[in-house]
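Following this message is one structure expressed as C-alpha cells.
Letters A, B, C and D mark the chains as written, and numbering starts fresh at 1 in each.
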C-alpha cells in the first residue's frame, strides 16, 4: 500500500520543491535525489512483486502486479539516467545562455510532473484512470516539447498535442465501450472498469463489442505509442524537444501508451480469440517497421533519424506482443527494456555531438572517433544495438520474436521484417558511420563542460546493452517471465 | 409520468439528432464566432440530454454530471475560446480544403459507415441505441472538420466537437461513470483546452498568423 | 630398365629438332644444316662464357635449371616405347602438364627479370598463348582419359579401347594445334627469327647466353619431343610395348622412331606451307581449336565413343 | 589435459591479451600479438585432438530461460578450427612486426583478438543463436578493422558496402535458420540434423537462402563486390585473415547447413554450386589479372579460389545425389584440401603484400619493381606463395586442384547427361582458371619484385622486420610440406564423417602417394620432388663437366644500342595484360582514355597520359540500378510526412475507418 503510493508521491514532491527553490543547483540535486528515491522505492515494490504479491489502493483504483512493477522499474531507472544527463545538458544551455533561470526552473518542475504522470499509468487498475494519466502525460510533455518556444518547437508541440488528443479521444471511446461490454455483463458499479475484474470476466464479454473497443484503443493509444500509420507527430516532437526529453519520450512515454494497449490486448485476447489481436497488432507492427525503415534511409537529421528508429522499435514491440506465445510476449517486454536503454544512449550521444559541433545534421559532422573517442565509440555501440546486431540486447529480443513468428509459421512477416531491417541498418551505418569515421574538420570539437556522471551513465548504458546481449540476469528473467504470466501469455 | 412523455416523444433521440445537426452545420459555417455559437449550442444540447436522462432514470449523480457539463462545456470553454479569438482578432476562417457540398457528402458517408459497422458489430439496446451511433458519427465528423479547416482555432473547435461526441457516447454507454473518473476526464479536457489556448497565442506570436499552412517546416 | 626410357627423349630430342630443320630446308628447297646440328649448338653453348645483365636477380640464374628439370620430370612420367614401368604411377597426364607449366612460369619470370622490354613482351605473350592453349589441351586429354578410364597415359595407351572415333579425331586435331602453339612454331610463333615484334619464346630467353641458353634450348626441344610422344601415346598407341597390339621392345623402338619421323615431317610441312599469324589473330585459331576439343568431349559423352 | 580445459584456457588467453591491450602503453602494444599467437597454438592443439582422436567436447552457458550459448566440436568444426589456428598463429607472429606502424595499435589489436576469437566461435557454435552471435561479431570486428584507419575516406566507403552486404547475407541466413527451426522445432544443430527428415518442402528454400547468405560472405560472383573493396582497405595482417579464413566461414556455413544438416543429396543443388563455382573462379581470376593494386589483385584471386572450392563441393553434392558416396567423399576432400591450402598461400601472399606496402608505401604495382633484391626474404616467400596458388608442383595448390580435376573428370560416372556435361565443363573452367592464375601471378610477382625499380620508394625499400619474416616463413614452409605430403592432410580430412573416406575405395593413402578410385589416377608428389632434386644435381654436374666453372661477365642488358635502358622502358603491369584485355574485351568492356599534348602536331608530343581500366560490370549494371531505385522510392515515400497536420489527421481518420470496415 504505502510503498506503492510512495512511487507517484516522490516525483510530485520533487516538482513542488523545484517550484519553490530559487537556486538552480539545488533544483538539480532535488530532482536527482528524487529520482534516486523513486528508483529505490520502485525496486523495493518490484521485489514484492517478485514474491508474487499484488498491491492495491483506493479500492482497486491503483494496483500493481509483476507487469506494472516491470514497467515501473524501467520508468524509474530511465528517469534517474535522464536526470543525470539533464544536469549536463541544462547547465550547458544555461552557460551558453540559450535559456534563463526561469526556464531552467520551468524545465525541472515539468520534468518531475511528467515523471509523476508516467508513474501513474502502470499503477492504475481502472482503465479510465489509465486513460486520464496517459492524457495527462500528453499535456505535460507537450509543454516540454515546446520548451524552446522556437517556431519549430511550437509547431512540433502543436502537432503533438493535436494528434495525441484526437487519438486519445478514440482511446476513451474504446474504454467506454469496454465499460459497456462489462457493464452489460456484470451490472453497474465501480469495479466494472477494473482490469483485474475485466480479465476475470473476459470470457463472458460480447466479442463484437470488445473487438470494436480494441480497434478504437489500437488507433487511440497507437497514435500516442507512435505506431504507423498514425505516428506522424513523433519525428517532429522528438527532434524539437530538449534532448533529455526526447530520450524520455521515446524511451518510456511510448511504452506507457503501449502499456495501455497491452492491458486491453490481454482482455481482447481472451474475449475474441488470439487471431484477431495477432492480426491487428501485426499489421500495425510490421507497418511501423517498414515505414520507419524507408524514412530512416533518407534521414540526415540524426534526432529525426532516431525518432523514426523509435517508430521501428515500437513496431517490433507490437509485432512480438501480437504474435504472443511463450516467446513473443517475453520478447516484447525485453525489447521495451532494450529500447529504453539504447535509445537514450543514442540521444545523449547526439546531445553531446550538438554541444560539440552545434548541429545534429549527420552531413556536417565527421571523425568523432578521433575528436571525441568516448562519444564516437559509444555512438557505435548504440548504433549496433539499435540495429539489432549481436552481441547487444536487441538481437536477443528480436531473435526471440523470430522464434515466436516461426512457431506461428509467419515466414512472410519474418522475410519482410528482415528486408526492412537491412534498410534500417543501411540508413544507420550510412548516416552515423559517416559522423563517427573520417577525419575531423580543422578546429572542430571545441571542448564543452562534460559532467563526468553523465559520461558514466553513457558507459553504463552501453555496458548494459552488451550484458543483455550475452546474459539476462536471473531476477530480470524471472520478473519478465512473471509479467508474461500476468498477460496470460506463455501457455 | 414524465418518463412516458420522454419515451413517447423519444426526446433523447431528438436531442442527440439535434447535436448531430449542429455538428454537420460546422461544414458550412465560415465565421469563427458562428462556429463558437454552434459549439456552444452543441454543448448545451449535450447538457440538456444528460439532464433529461437524469430525470428519465432518476440517477442522482447524473444531475451532477449534467451540471458539470453545462458549466464547463457550455460556459467556461466557450468563454475561454472567445477570449483567445478576441485577443487574436480572428473573424473569418480561411477557405477550407474541401468545399461545403463535398464535405457534407463525406460526412454523410461517415455516418453511414458508422451505422453499418455498428449494427453488424456491437449490440446495444434501450434508449441509447441511436445515441451511440450518433455520438460516434459526431466524433468522426469532428475529426473530419479538423482535417478540412485551415485555422488553428477552428481545428480546436473541431476537437471540442469530437469531445462532445465522446461525452455523448460515454454518457449513453455508461450512464455516467463513477463521478471521480468523470471529473478527472473533464479536468483533463479543460487542461487540454487551456494548453491549446496557450499554444495558440504562441503560434500567433511566432508565426504572425494562426494559418496552419505555415506550420509545415518539419517534414520528411 | 623400362624406367629409364625417358632418357630416349632427353637424348634424341635435339635430333628430332635437327630432322625437322632438315626437312623444312628440303621443303623450302635449301640444303640446310646436318641433322646433328642442334647437338653441336648445345655443346658449343655449354663451353661458352656468359654475359648476364646487372639488373638480373637470382631468379635469372635459377630459371634455366628449373625449366630443364621440370621438363625432364615430365618426361619421366611419360611412357615412350613401353607402357610397363613404375614411373608412370608418379603422376598422370595432369601432373605432366602442370609440371611443364612450372617450367613456363619460371621462363616467364626470367623474361621479366632483367627489365628489358623484349623480355616483358615475350612473357606477356607466352602467358597469353598459354591461357588459350592449356584448357584446350586439357579438354583434349579429358576425352582420352574418360575413354581410357584413367588419367595416366600408360593406362590410356594400354587400353587401346575406342580409338579413331569422331571424338578422338576432333581431340587429335585440337592437340596438334596445341603442340604447334606449345613448341612455338609457325603460325603461332617463329622459332627462327629474332625480329622484336614477333618474338614470343625467343623474347623471353633473349638475355640468356652460354650454358643457360643451352639448358633453355635443350629443354625446349625436349618439350617438343615430349609432346610428340604424348600425342603418339594417346592417339596412335599401336606397337607400343605392353599395349594391346604389343610387340617386342625392338619393334616398339621401330614404331616409335617411325611415329617421331612422321610427326616431324608433318611439322616441317605445316610450318613451311603456312605464314605466321598476327598475334591478335591467334585467338581465332586457338579458340576454334578449343571448340574442337570441347566438341570432342561432348560427342564422347553423347555417343559414348 | 581435457580438451574443454584447453579451449577455456585458449579463450582466456585471448581475452587477457585484449584486456592487456587496454592498459599497456602504446609503444609495447605489439607484444599482445605474441599472446594471441599462443592462444592460436592452444586452439590448434585442441583442434588436432578433435581430428585425430575424434573427441568432441562441448561447452554451454545460459543466456535466458529459453536461450543458451553453446559450443561443440565435431571433426568438421575442428578442421576449420585447425586451419584458422595455423594461419592465426602465423599472422599473429607477423603482426608483432606489422602492427608497429598502425594508426591506433591498441584498439586495432583488441579488435584483432576479438576477430580471431569470434571466428573460432563461428566454427564451434552448436546452436542457431550462438552461431548468429558469433557470426555477427566476426563481421562487425572485421568491419571495424576495415575502417580502423579513420583517416582513410575510401576505407570508410569500403566498410559501408562491406557492412551492408554482410548484413544482407545475415538476413538470408537468419531466415534459413528460422525455416529449419520452424520445421524441426529445435535450435541445436545436432537435433536439427536428427530431425532434418521433417524439413521436407522448405528444404530447397533453406538451400537457396543458405547459398545466398553464406555466399555473400564467401564472395561468390555476383555477391563478391564487397570483397575487393574491403580486403585491401583492411590492415594487411587482417586482410590475410579475412581472405585466408573469414571467407571460408561462408564455406563452412554452406557445408554445415546444406551438406551436413540437409544431407546435400539433391542433384540441382550440386549443379547450382558447380555453376556458381565455375563462374566465380573464371571471372574472379580474370578481374584479378586486370588489377594493378596488388591487394585488390589478391582479393579477386580469393574469389577465384572460393570458386574452385565450390567446384569440389558441387561435385560432391552431385555424386551424393547419384549415390556414389566414395566419389562424393573424394570431391569433398578435394574442396576441403583447397580450403586449407588457400588459407596458407593467400595468407602468405597478403602478408607479403603487407610487407611490400610497409616498405614502399604503395599498393600500386606500377610503382614497384626490383624488390627481390632489396627484400630477399619477402621476395622468396611471395614467390613460393605465387607458385602454390598457380597449382604448380611440388606445392600444395597442385594437390587440391589435381584432386578437383580428378573428381570433375570422374563426373562422367554421374547418371544424368546434364551433370556429366556440367562437371566436365567445370573441369574446362578449372583448366582455364589455372592458366589465367599463372598469368596473373607471373604479373604480380614479376612486375613488383623483378626488373628495375619504377619509383624511389621501391628503390629504397627495406626488408621487413624479423617478426614479419618469421610470420611469412610458417605458411611458406607449409605450402611446400602440404604439397609434398598430401597423405597427412588427407588423413585429417578423412576423419570428417562428411567425407566418409574410411568407406571410400578412392584415396587409400599408401604412404607417400595418393591414388583415386582404384587407380583411376595416382600421384606421388614426393617422388616428383625427388626427381627434380636428382635431375637438378645431375644437370648441374653435367654442365660443370661440359663447361667447367661458369665464367660470368656482368654487363648492361640488351638495349638495342641506345646505351641507357631506363625503368620506364620496362613492361608495365598494364602492358603485360594488354593482350588479354583485347582478347576478352567482350567480358572486360575496357575503357581507355589517351591524352596527348603536342608541341607540334603530330610528331612532337610534350606528354602523353594513358589511362585504361575495365568496366566493373556488376557494380555498374546490377548494383547501382537497384540502389538508385531504392533511394528514389524512399525519396518519394517521404512525401507522406509532408508536415501538414491536416494530412496526419486524415491518416487517423482513414486508418480508423479502414479498421472499422475490416473488423468492426
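The rule is simple: contacts are C-beta pairs under 8 Å (C-beta built on N, C-alpha and C of every residue); 3 or more make two chains touch, one makes a residue touch a chain.
Fair warning: this is a prediction, and the values are worked out from it, not measured in the lab.
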Shortest path length from chain A to chain C (each step joins two touching chains): 2
Centroid-based (C-alpha) most distant chain relative to chain A: C
B-D compared against A-D, more contacting pairs: A-D
Intercentroid distance (Cα basis), chain D paired with chain B, Å: 70
Geometric centre distance via CA averages, chain D-chain A, whole Å: 44
Mean-CA-position distance for chain B and chain A (Å): 31
Centroid spacing, where centroids are CA-atom means, of chain C and chain D in whole angstrom: 35
Residues of chain D touching at least two other chains: 638, 641, 645, 649, 652, 656, 660, 664
Per-residue multi-chain contacts in chain A, two or more chains: 158-159, 162, 166, 170, 211-212, 235, 295, 298
Residue list for chain B, restricted to those that touch at least two other chains: 117-118, 120-121, 143, 146, 155, 215, 217-218, 220
Touching pairs - complete list by chain label: A-B, A-D, B-D, C-D
Chain A residues touching chain B - in the complex, by the definition given at the top: 126, 128-129, 131-132, 135-136, 139, 142-143, 146, 149-152, 154-159, 161-162, 165-166, 169-170, 172-173, 176-177, 179-180, 183, 188, 190, 193, 206, 208-209, 211-212, 235-236, 239-240, 295, 298-299, 304
Residues on chain B engaged by chain A in the complex (per definition of touch): 117-118, 120-124, 136, 139, 143, 146, 152, 155, 159, 162-163, 166, 169-170, 173-175, 177-178, 181, 184-185, 188, 191-192, 195-196, 199, 202-203, 206-207, 215, 217-218, 220
Interface residues, chain C side, partner chain D - complex: 43, 46-59, 65, 68-70, 72-73, 76, 89-92, 94-95, 98-99, 101-102, 104-105, 108-109, 111-121, 123-125, 127-128, 130-135, 138-139, 142, 145-146, 149-152, 155, 206-207, 210-211, 214-215, 279-280, 283, 294, 297-298, 301-302
Chain B residues touching chain D - in the complex, by the definition given at the top: 97, 110, 113-114, 117-118, 120-121, 140, 143-144, 146-148, 150, 155, 212-213, 215-220
In the complex, chain D residues that touch chain C: 369-370, 372-373, 379, 383, 387, 390-393, 398, 402, 405-406, 409, 412, 417, 420-421, 424, 427-428, 431-432, 434-436, 438-439, 442-443, 445-447, 450-452, 513, 515, 519-525, 527-528, 531-532, 535-536, 539-540, 543, 546-547, 550-559, 565, 567, 569-571, 575-580, 582-583
